[in-house]
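Below you'll find the structures, each written out as C-alpha cells.
Below are two complexes that have subunit A in common, paired first with subunit B and then with subunit C.
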Partner chain A sequence: MTRSRFLLVVLGLSALMALCLPAQRAFAQKPTPSDDEVNRIAHQLYCPVCENTPLDVCPTEACRQWRDLIRQQLSQGWTEDQIKQYFADQYGARVLAEPPRTGMNWLVYILPPLVIVAGAFLLLRAMHNWTKPAAQSPAPGQEEPSDEYVARLEEELKKRS
Partner chain B sequence: MTDSTIAAPAKRRGVPMWAQIIIWVVLLGLLAMVAVALRRTQQGTVQPGDKIPDFAMPLFTGYGMNGGQQVKLSDLRGKVVIVNFWASWCKPCEQEAADLRTAWDSYKDTGKVVFVGVDYVDTEPEARAYLEKFGIQYSNGPDLGTKVSQLFRIKGVPETYFIDQQGVLRRVQVGPFTSVDDIKAVIDPMLR
Partner chain C sequence: MWPEIGYGILVIAFLVALYSVGAAVYGERKRSPAWIESARRAMLLLWPLITLGAATLIYMLLTDHYEVSFVYQVTSRSMPAYLKITAWWGGQAGSLVFWSWLMSAFASLVTLRKWDRDREFLPWVIVVTSITTAFFLGLVVFYENPFARFWQTVDGNVITSMWAPANTTLMVAQDGRGLNPLLRHPGMIIHPPMLYLGFVSFVIPYAFAMAALITGRTDDRWIRLTRRWTLWAWLFLSTGLVLGSRWAYDVLGWGGFWGWDPVEIAALMPWLTGTAFLHSVMIQEKRGLLKQWNMILVILTYALVIFGTFLTRSGVLSSVHAFAQSAIGPAFFAFIGATFITSIGLVIYRWPDLRGETELKSLLSREALFLLNNLLFMSVLVVCFWGVIFPLISELVTGQKVTVGPPFYNHATGPLFASLMLLMGVAPLSAWGKSTWQTLGRAIWKPALAALVVTALIFVYYTRLAIPLLGFYLVALVICVTVYEYWRGARARHRSKGENFFLAFGRLTARNPRRYGGYFVHISMMLMAVGIMGINMFQIDTQATVPVNGALKLGEYSVKYESIAQFDAADNRQVTRAVVGVYDDKGDYLGELHPRIDYYPDAQQNMTIPGERATLTDDLYVLLVDWQPATANGATFKIFVNPLVNWLWIGAIIFWIGALIAVLIPDREPERLAVPEAQRVPQPGVAD
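Right after this comes the complex of A and B.
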C-alpha cells in the first residue's frame, strides 16, 4: 500500500468515526440584557434616594445595584411593566417617571391641557375684543360727535350747507 | 330738533361670570393642594411625645418575630420598641450596626425590649449580605413602598426611634450611635 493510499484510508476511517459519535445537544446561551435595554427601563424610573435623578444616569452605588436588579429581572424574562410595578411596590409610586393614572394623579394629565385650552380661549376672546372697536370706528372726516351739543351743531351746519 | 346722532356705546364683553367662578375655584383648589403638600414637606420627623400610629411591616425570611413573617406595632404594646432605619448602601449605618447587635444581645432575654430593623429603599440580596456581615439577628424587613419611613417622616438613614410601652415616642437618634453604652443609656431609663 502506497503512502498516499494509507493516508486516505486513515482519513476515511477518522471521518467515519466522527460521524458515529453521538451528537451533543447545543444549548442556546441566555442573552444578557444589554446596557441599552437596562437603561431604557431605568430611564423610566427615578432613584428612590437621590431627588429628581433618573435611575439610568444616577452615579451612586445604590443606583448601580438597582440597575443590576433590572438586568437580572430582564434576563429572567420579566416584562417592562412587571419591572416598573416591582419598583413601585418596593419603593413607592414616586420612583415612576410617569405617575400612575389613579386617584389624584389624574390631575397631572388633565389639568395642564385644560389650562392651555382655557388660556387660549381667553386670549382669542380678548383679541377679538381688541379688534372689534377698530373695525367699528368711523372713517376719517366723519368723526362721531363727542357730545350732544356738537352733534346738533353739525346737523344744523349740514342743513345750511 | 334733530335726533341724537350719538351712537350708543358698544357693550363691553368680558369673561362670563360662570367662567370666572370656575377659574377661581380651580385656582383656589390648586393653591390648597400646594399648601397641603408644602406643609407636609416642611413637617419634621415625628417628635418625642407623639403617639406612633400603628403599622405593620413584612419581615425578611429568617428574620421573623415569634414565628411570624410580619411585625405589627400594636402587638408589641407593653415592651420598649427600638425601630432602626438603615440601608446596605448607607456607610454611616455600618458604624452602629455592630453596636445595635450587641445591645440587642444584652436585652433579648429580658423579653421587655424589641429591636426592629427597617431596611429603607434597598435590594434584598444586599440587605441580607449586610445583616450577615454584622451578625444581626433581630427582626428586619423591607420598607415596602416607603410606608413606614413616611409614617415616621425620616430625613435619611440611619435614624433610630425609641418607643415606650404605651406606644409613645420617647427619643429620636438621627445619625449613627457611637457606642453600645449610648444605646443602653436611652433604653435603661425606659425600663424603670
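Right after this comes the complex of A and C.
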C-alpha cells in the first residue's frame, strides 16, 4: 500500500467514525427516563433487602438508590433484560419475580402440574372404583334402601324445583 | 412483681393443660368418669388462667413497664391506650399468648355446651385441644416469654431474661420503640384476631375428627357435631383474609390488596382446605361417601393452621438460617410433624371403617362435581404450598435464595380459579345421586344464554380482550345460575303456597339456610372475582414529579397538585399531607384527595397513606411518594386507577350476609335428605 493510499484509508475511516460519533453522543444523551419507564422495570424486580417487596414500591433509601441506578442505566441505553440481568448478577436470583428457568428451579414449574395430574388420575380411578363394585356386587340389604333413598331425594328435589 | 405474677400464671396454665391431657387419657383408659370430669374442669380452668396472664400483660403494656422486653418492643409512651391493648398481638410473644387464650376459649365453649351428648368424644376432644393449648403455652413459657426483662451487667451489656442473672441490675428504658406503624391501623387491629379466630376454631372440627378416629365412631356424627364450628371457623378465616386485604390496600401503599406474599398465602392455605372441607362434608352427610377424604382434609386444615402460624412466627421466611437459630422454629416443626404423622396414622388404622356407604352413581351428579371442586381447591393448595416452600428448599439445597412472586401464582392459579367458577355455575343445577347431560342441559341453557348476553354487552361497552371476557362470562354464568335457582325455588313456593315472592325467598332461605346462604356466598365470590379481575387485568398507573398547580393525567382523570402541609398529629406522628384536586377528562372538578406520609419518630418509620376516590367503576388511588419545599421541584405522586376494585369490598359484605345466614339460622333441612340411620356403618363396641 502506498503512503497516499494509506492516508486515504485512514482519512476515510476517521470520517466514518466522525459520522458515527454524533449518533453515539445523541444515544448517550437520551433524555432522562421518566418515573414510569423506571417503574416498569423496577416492578419486575424484588427488593434485595426487604422481603417480597417489588422494587417500584419499596420505600427504603436503598431501593430509591436502586431505582436511580435503573434510571441511569436506561439513560445509558441499557435494555430491560440487561438491567434485570445486572441486578440478578449483583444480588442473586432472588431479585427476580420468578426463579430463572435453570437447573433445580425447573422444579417450581414442573412439580405442581405433575402433582395435579396425578391427583386428577387418582380421583378418576377412585370414582371409577366407586361406581363399579356396586354394580357388580351390592352389599346385602343396601341396594333397596339406597334406591328408596335416591327416589325420596329426587322427589324432594322435584318438589323444590 | 407483675412480670413474676404474669409468668407464674402462664406456667400454671401450662401445667394445668398438661394435667387435663393426662387426666383425660387416664380417665378414658380406666373408664373413670371422675377423672374425665377432672380433665374437663382443668380445661375449663385454662381460659380464666390465661385471661389473668393476659390481663397482667395488658396492664404492663398500658402502664409503660419498659423494663419488660415485649412492652418495650411494641409500645411507646405516645401511643393511645387502645393501641397499647392491641399491641398484645402486635409482637411474637404476645401473639402466642393470644393464640392460647383464643384456643382455651373455644375449647371451653365446646365442653360447656351439651357436654353429656358428646360423652364418648369429649375426652379426646379435651386431649387434642389441650395438647394444642399446651404447645402454644409451652412456646411462651420456654422460648418466647412476654414477661422477660432487661438486665444490665456491670460492663454495660444488656441481657434479656425472666430472672436476674448474677451481678446485674434491672434496666428500665425511658420509652419503648412503639408498635410497628403498619400495625397502627384499624384494619390491623381487627384482622389478626379474626385470622386467629379462624385458625383456632378449625382446631375444633379437627379435635372431633380425631376423637371419632380414636373411638371408632367413624360415621358422620363428628361432622354433624362440628358443622357449625366449621362454618364459624371458615367465616372468621375468610373475614380475616378480607380485612387483611383491605388493610394492605389502605396502608401498604402499593396500589393493590394481594401480593402473593408468603404471609398472605400462609393464611390462604387453610382457607383452601377448609373450603374444600365445607363442600365435601355435604357429600358425607347426604350420601355417606368420602369419609376418608374428609378426615384427610380436616387433618390437612389443622396442619396448615399450625404451619401458617409457624411460617409467620418462626422467621423461616426471611431465611432458613434465621429459622435454625430461632428457638421456636424447630419446636413448631416437630409439633406439626408429630401431630400430622399421628393423625394420618389414625386414618390408616381406621381406613376400612371409613369406606363409603353408598356408591357414586353418575359422574355428573352433584357429589362428583363436588369432588372435582375438591380436586381444584387441592390443586391451588399445591401451587401455593410449593411456591411458599420452594425458596426454602432452594436455599437449603443450593444456598441460593429465589423469589416466587405474583407472576408464578397468577399463571398457575388463574386457570384453576376459572375452572372453579365454571363448577360453581354447573354444580348447583346438578342433582344428588344421578344427573345426565340432558337434565343438566335443560337446567342450564337459560342462565348460560343470559350470561352470554351480559358478556356481549361487556364486549360492546367495556373490553374486547379474550381472557377478561371469559372471566366475565363465568362470573355472569354463576350469578345467573344462582339467581335462577333461587327464583325457581321461590316460584315453586309462590305457586304452591300462594306466598308473595319476598316471603317465598325468606322462607326458602330459612328452611335451608346452609344451601341458600351458600348461594349468597357464591354470588359474593363472583363480585369479588370482578374486583380481582379489574385490578389484575385493567390497572393503570403513572408517577411523576409536578410543581404546585401542575397536574398528572391518567386514564380519564387529571390530578392537580394544590398544596402541601406538615403538622404533628396528637399521637406524635409527623404528618406531611398533600392536597390534590381531581378532575375528569372534561375538566369537571370531582373533589379533592389527601395523600400523606406519616412519620413515626418512635419507630423511625414512614407510612405512605393513599388518597382514595372510590366509585363502582374504579378507584383513583393517589400516593405522595416524595416532596420538597414549595420553592423546589414540587412533589412526586404515584397514581393508580384500579377499575372495578370496589366490587371486591361489596362482595365481602354480601359474603358476610350469606355466611351469617348459613351459620346463624338453625338448619331445618328435612332429616330424610340425610343418610338414613339404617345405612350407617355399625359401631362395634361403642355405647351410644
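Here is the rule we go by: the second predicted complex is superposed on the first by the 102 of 161 C-alpha atoms of A that agree within 3 Å, B and C clash if a C-alpha of one lies under 4 Å from a C-alpha of the other, contacts with A are read in each partner's own complex, and residues count from 1 in each chain.
Criterion: contacts are C-beta pairs under 8 Å (C-beta built on N, C-alpha and C of every residue); 3 or more make two chains touch, one makes a residue touch a chain.
Because the structure is a prediction, the values reported are computed rather than measured.
When the two complexes are superposed, the chain touching more residues of subunit A, out of subunit B and subunit C, is C.
In the superposed model, A:Gly92 lies in contact with both subunit B and subunit C.
Look at A:Trp66: by the touch rule set out above, it reaches subunit B but stays clear of subunit C.
In the overlay built on the shared chain, the residue A:Ile110 is in contact with neither subunit B nor subunit C. Once chain A of one complex is fitted onto chain A of the other, the partner contacts of A:Trp130 are limited to subunit C, with no touch recorded for subunit B. Residue overlap on subunit A between its contacts with subunit B in one complex and with subunit C in the other: 92-94, 111, 133, 145, 152, 154, 156. The touching residues of subunit B, counted against subunit A in their complex, run 1-2, 4-7, 10, 12-13, 15, 23, 30, 87, 89, 121-123, 126, 142, 144-147, 150.
Within the complex, the subunit A residues that touch subunit B are 48-49, 60-62, 65-66, 69, 88-94, 111, 118, 122, 125, 129, 132-133, 136, 144-145, 147-148, 151-152, 154-156.
The residues of subunit C lying in touch with subunit A in their complex are 253-255, 259, 261-262, 286, 289, 317-318, 356-363, 368, 371-372, 375, 378-379, 382-383, 386-387, 390-391, 394, 397-398, 400-408, 412, 431-434, 488-489, 492, 541-545, 606, 608, 636, 638, 670, 672-673, 675-676, 678-679. The touching residues of subunit A, when paired with subunit C in their complex, are 34-36, 39, 46, 51-54, 57, 59, 92-100, 103-105, 107-108, 111-112, 115-116, 119-120, 123, 127, 130-131, 133-135, 142, 145-146, 149-150, 152-154, 156-157, 159-161.
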